[in-house]
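Look for subunit A in each of the two complexes below; its partner is subunit B in the first and subunit C in the second.
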Partner chain A sequence: MILTINGRPLAARPGETLLQVARRAGIDLPTLCHHEGLEAWGGCRLCVVEMRRHPDEAPKVVPSCLQAAEDGLRVETHTENLLRIRATLLDLLLTRAPGSELIRRLALEHGVGDTTFVPQAEPSNCILCTLCTRACAAVGAFAISTAGRGAEGEISLPFVDDADACVGCGSCAAVCPTGCIELKDEGLARTIWGRTFQRVPCEVSGEPTITREHAALLSKRTGLPTDGFFVTDEGRRRQTADTIAALVGVGEGRAA
Partner chain B sequence: MKQLVVTPVRCIGCRTCEIACAFSHPAGKTPGRSRIRAFPIRPPEGGLPVVCFQCDQAACVLVCPTQALTRNETTGAVDYHDLRCIHCKACVAACPFGNIGYDDGTSRCFKCDLCGGDPECAKYCPSRALEFA
Partner chain C sequence: MSERIPNLAALEAWRASLQAAHDANRKAIAICAGTGCKAYGSDKLAEAFRKGVAERGLDVDVRATGCHGFCERGPLVVIYPSMIFYQEVGRKNLAKDVAEILDQTVAAAPGAEQIVPRLQYKTPAGEAVVHERDVPFYKHQNRLILSFNGKIDPESLADYVRNGGYRALGKALGSMTPEQVLAEVEASGLRGRGGAGFPTGRKWRFTRTADAPRVDGRPMKYVVCNADEGDPGAFMDRSVLEGNPHGVLEGLLLGAYAIGAREGYVYVRNEYPLAVQRLTKAIADARAAGLLGDDILGTGFAFDLHVTRGAGAFVCGEETALIGSVEGNKGQPRFRPPYPAVSGLWGCPTNINNVETWVNVPLIVDRGAAWFAGIGTAGSKGTKIFSLVGKVNHTGLVEVPMGASLRHIVEHIGGGIKDGRAFKAVQTGGPSGGCLPESMLDLEVDFDTLTAAGSMMGSGGMIVMDDRTCMVDVARYFIDFLIQESCGKCTPCRDGLIQMGHLMHDLVEGRGTHATLDRLEALAPVVRDASLCALGQTAPNPVLSTLKYFRHEYLAHIDDKQCPAGVCKALITYRITDRCTGCTICAVQCPEKVITGEKKALHLIDEARCTRCGVCHSVCTFDAIDILPGR
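On to the complex of A and B.
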């Protein structure tokens, strides 16, 4: 199927979203809540585009991350109206997350230096994009979710402080666009969401691998043995080399 | 479909494959992030090449929660898609052979992708321990 983005005819595969088609064509659309590996959410609305099914129709503003590509669509990504919408959104986001470099940079790119709204008294830098909760759900832990509503909305553990379901994989912190999830690795210890995990030391090198809780979850999901997760890649390669040496009977073993 | 065939007894442990790999994957920049490793062994002088087997039933693909590791039907390799990765590192823990790693510098996993269907390591291997056939 063929659609037009900014006057350029582009081919789209069935099931693709407008955002995917645009990005594949090298069109720069800002996003904060989008991740290719996670379910589309449409939360940040920075990826809005104007679309028309018929040339004489009034353009409709839709989030491109949720809008499926259709044959014959006419899409605009950078009209004056869209730039104004994005600038307003970023202006509002600055009240929540003034400490986020990414949001400051995006805001500047849209001509917004400081927020024109009343800044939040205690900004948290969390913009409720839910990338962390979606990553947590994908991992299968379901340890965090959104809580509260309106101005009091936040990402939270069940009953505020129950971190029992967390496995300490660190995915939430890795996908967070504003870097507001605290993860501290010190030696084997990993602290996240107020809970300290012990990462299992590698059988070969002693370096930290994953947590016992993460391994148990992976094992439950896939049927792989729980105790098979505790070797680093480099240690594993050494073991593989030793196995090959024994199998083919070369040399007297690895030199180092 | 061609495969990367490894014949360990032919390996002389020169580690040219590691350099070829590092140069053809500039994101890693260093032989330390090479997707192939040739371990030198005691006499008779030689080496033991270890590289991704592109398993049919790959543990890395099985544990990945976001389909960031998928089979490339053209090359037969298990390909890594960084945009889909949520950095849980389950694949690194799950690979029974250590053939996928995580680079904290680039925040990406690295594994053999058969160079998109034309592996450089095989081209530079002087003793035909690595062949693409």
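On to the complex of A and C.
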């Protein structure tokens, strides 16, 4: 199918979203709640575009991360209206995430320095994009979710402090666009959500691998033994070199 | 009948026997057992009537019915067959009221009844009214749906059947194909009563033609009744569920038959315990009678119904959020498409309609699309129930044909503005609706006219405001409500409404400038255009519609630092006038102790220290304290 974005005819595959088509064409659309590995959410609204099915109808503002490509669609990504909407949204997001470098940079790109709105009294820098909770669910831990409603909502453990289901994988912190999830690694120890885990040292390199809890979950979901998860990439490379060396019978194995 | 009704003929035979056994001239005392009247103690009242009837050995049917609609005058009692109307029965002296009604009205032969004057309705002009049909509140209505409410015992399947209940179902299952039922609903022009006014037949067809996943080898589709009524001041759906639960069930059965749905859910808020109770009983009774479950009325049609209680989140009235909540997930809307008609409950095609939409369906199938389409306007057919509340003389549930004017509803049915004050505005459509001024009073109310006027039909809330209502403060109230009810998923609704709230508070608290207005008018379209669901998209309506029709009030708050309606504390002054008799009650009650004056002499308020709490004004029995706009 063929659709036009900003007047450019572009090919799209069935099932693709407008965001995918636009990004493939090198059109820059900002997103904060989007991650290729997770189902689209449509919460931050930064990726909104204007869409028309017929040239004479009024454009409709839709989130490009969710709107499916259709043959003959006319899409605009950077009209004055859309730029104003994005600037306003970023201005609003600054009220709750003034400490986020990404949001500050995006806001500046849209002509907004400090927020022009009333800032939150104690901003957490969390923008409730739920990337963390969706990543946690995708991992299979379901350790965190959104508690409360509306602007009062927050990402939380069950009953605030029950971190039993957390496996210390760190996925939530890795996907957080504002860096507001605290993860501390010290030696083999990893502290996240108020709980300290021990990462298992790599049996080859001695470097920290993943936590025993994370390995148990992976093992449960994949049916593989846990031991296989306790090797770092470096360790695995050395193991492979050893195996090859043993097989061909040259060298001394763990050669430098 | 508690056993299964084996077939269609048996249903009609049962109905015939119920009707034959019913003496239309037998005296009956119908006591409203809706939530409002129950709160006034109508359960005790019904008990007292039963006891009194037994003591006197009268042959009288004492029945607790659904909501009669004239809630503010409850408990309501109607004496059949003459339909003599009594109001506020038992509020002050229950035993005396019951005894007098029984002895003077009920014990007498029809036509020879004596009336108990102190329990009669009196018009604002002081004229006493005997019969329910002559009470202006009822006289100017056209009660098609609500007619069941005052008539039947909502906990009795037999009562519903005797009054024609499940006749439409029998007709559909016996002589119509699903396609014919669907065509009938399409031809009727019925539009969704939940707010958006989407054509019901078209919505059904989407679900009927959608591909469905198979469960147990057969396609799985659902019908859902949306009873998550959450607009402030609205209680149409609650009263229908409480007063006529079988009517809603029958509508769902007909819809399921037309659409090809095997299961249904009623999503009802848990704050409606009586509706939940009566609905649950109706479902159990219908199941026992073979009106739900497998092989309904021996026709092979199978359908079952479940109740899901909601926790009271306003956003769960939005259909994708409702689906999430029924599934056990957080009630948060999602992007459409896919529409629920294609992928709804657990990914299956799902048709969701509001309570009032469903309860219209049996009437349409029973009496025909042409009859239904003969009521209403070109684009909106049938009747609409409004909950008429606010500063009118008669508040309650009102059913009028589509196209009735606002003036008809407010002045004829509502009896005009309370305390002889002036009409200022009527708010329609709930929190996402708008406020219409006096110049719009002759507007003929239907889905399209209200939208064109900048408000909306919504589910039928109608709040009347008088000249003492500040429109800026009203808009502030609705924004605060929506801030509480935003689900928090999308940025513009969650954070945009918070900022609109700050701006509205600036205005009502006297900090507003023209820049405040500019910011509001810049932010509102972003919230409207960029929000995910209808809650956010319509949330700026209260602000935009009041700005459109009452901009002068906003400007008075900004330029003159005055609240013309005398509501916004920061922008008014309390002043004692020479009507003061020096009774000292204001000085005694003033929590700030800023009122001074000798006994029997004019009192004075220290306006600089007054916090404008309003206590003096409310305790003054001589109406001697004026609220002046400005400080």
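Simple rule for what comes next: the second predicted complex is superposed on the first by the 250 of 256 C-alpha atoms of A that agree within 3 Å, B and C clash if a C-alpha of one lies under 4 Å from a C-alpha of the other, contacts with A are read in each partner's own complex, and residues count from 1 in each chain.
We adopt the following convention: contacts are C-beta pairs under 8 Å (C-beta built on N, C-alpha and C of every residue); 3 or more make two chains touch, one makes a residue touch a chain.
Because the structure is predicted, anything quoted here is derived from the model rather than measured.
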item	value
Fit-or-clash call for subunit B and subunit C when the two complexes are aligned on subunit A	fit
Apex subunit A: angle to the C-alpha centres of subunit B and subunit C, given in degrees as a multiple of 10	150
Touching partner for A:G72 - first (subunit B), second (subunit C), both, neither	neither
Touched partner set for A:G150, first subunit B, second subunit C, both or neither	second
Subunit A residues touched by each partner, larger count belonging to subunit B or subunit C	B
Subunit B versus subunit C as contact partner of A:P119, first or second or both or neither	neither
Which superposed partner A:R84 touches (first subunit B, second subunit C, both, neither)	second
Contacts of A:T240 with subunit B and subunit C, given as first, second, both or neither	first
Partner chain(s) touched by A:G43 [first = subunit B, second = subunit C, both, neither]	second
Partner chain in contact with A:A215 - subunit B first, subunit C second, else both or neither	first
Minimum C-alpha separation between subunit B and subunit C after superposing on chain A, in Å	21
Of all residues in subunit A, those that touch subunit B in their complex	35-38, 135, 138-140, 169-171, 174-175, 209-210, 214-215, 218, 221-222, 224, 228-241, 244-245, 248, 250-256
Contacting residues of subunit A [partner subunit C, same complex]	40-46, 48, 61, 63, 66-68, 81, 84-85, 88-89, 92-93, 95-96, 117-118, 127-128, 130, 145-146, 148-153
Subunit B - residues contacting subunit A, complex	8-9, 37, 39-44, 46, 48, 50, 59, 62-63, 65-68, 81, 83-90, 92-102, 107
Residues of subunit C that touch subunit A when the two form their complex	313, 330, 334-335, 337, 483-492, 494-499, 502, 522-523, 526, 529-532
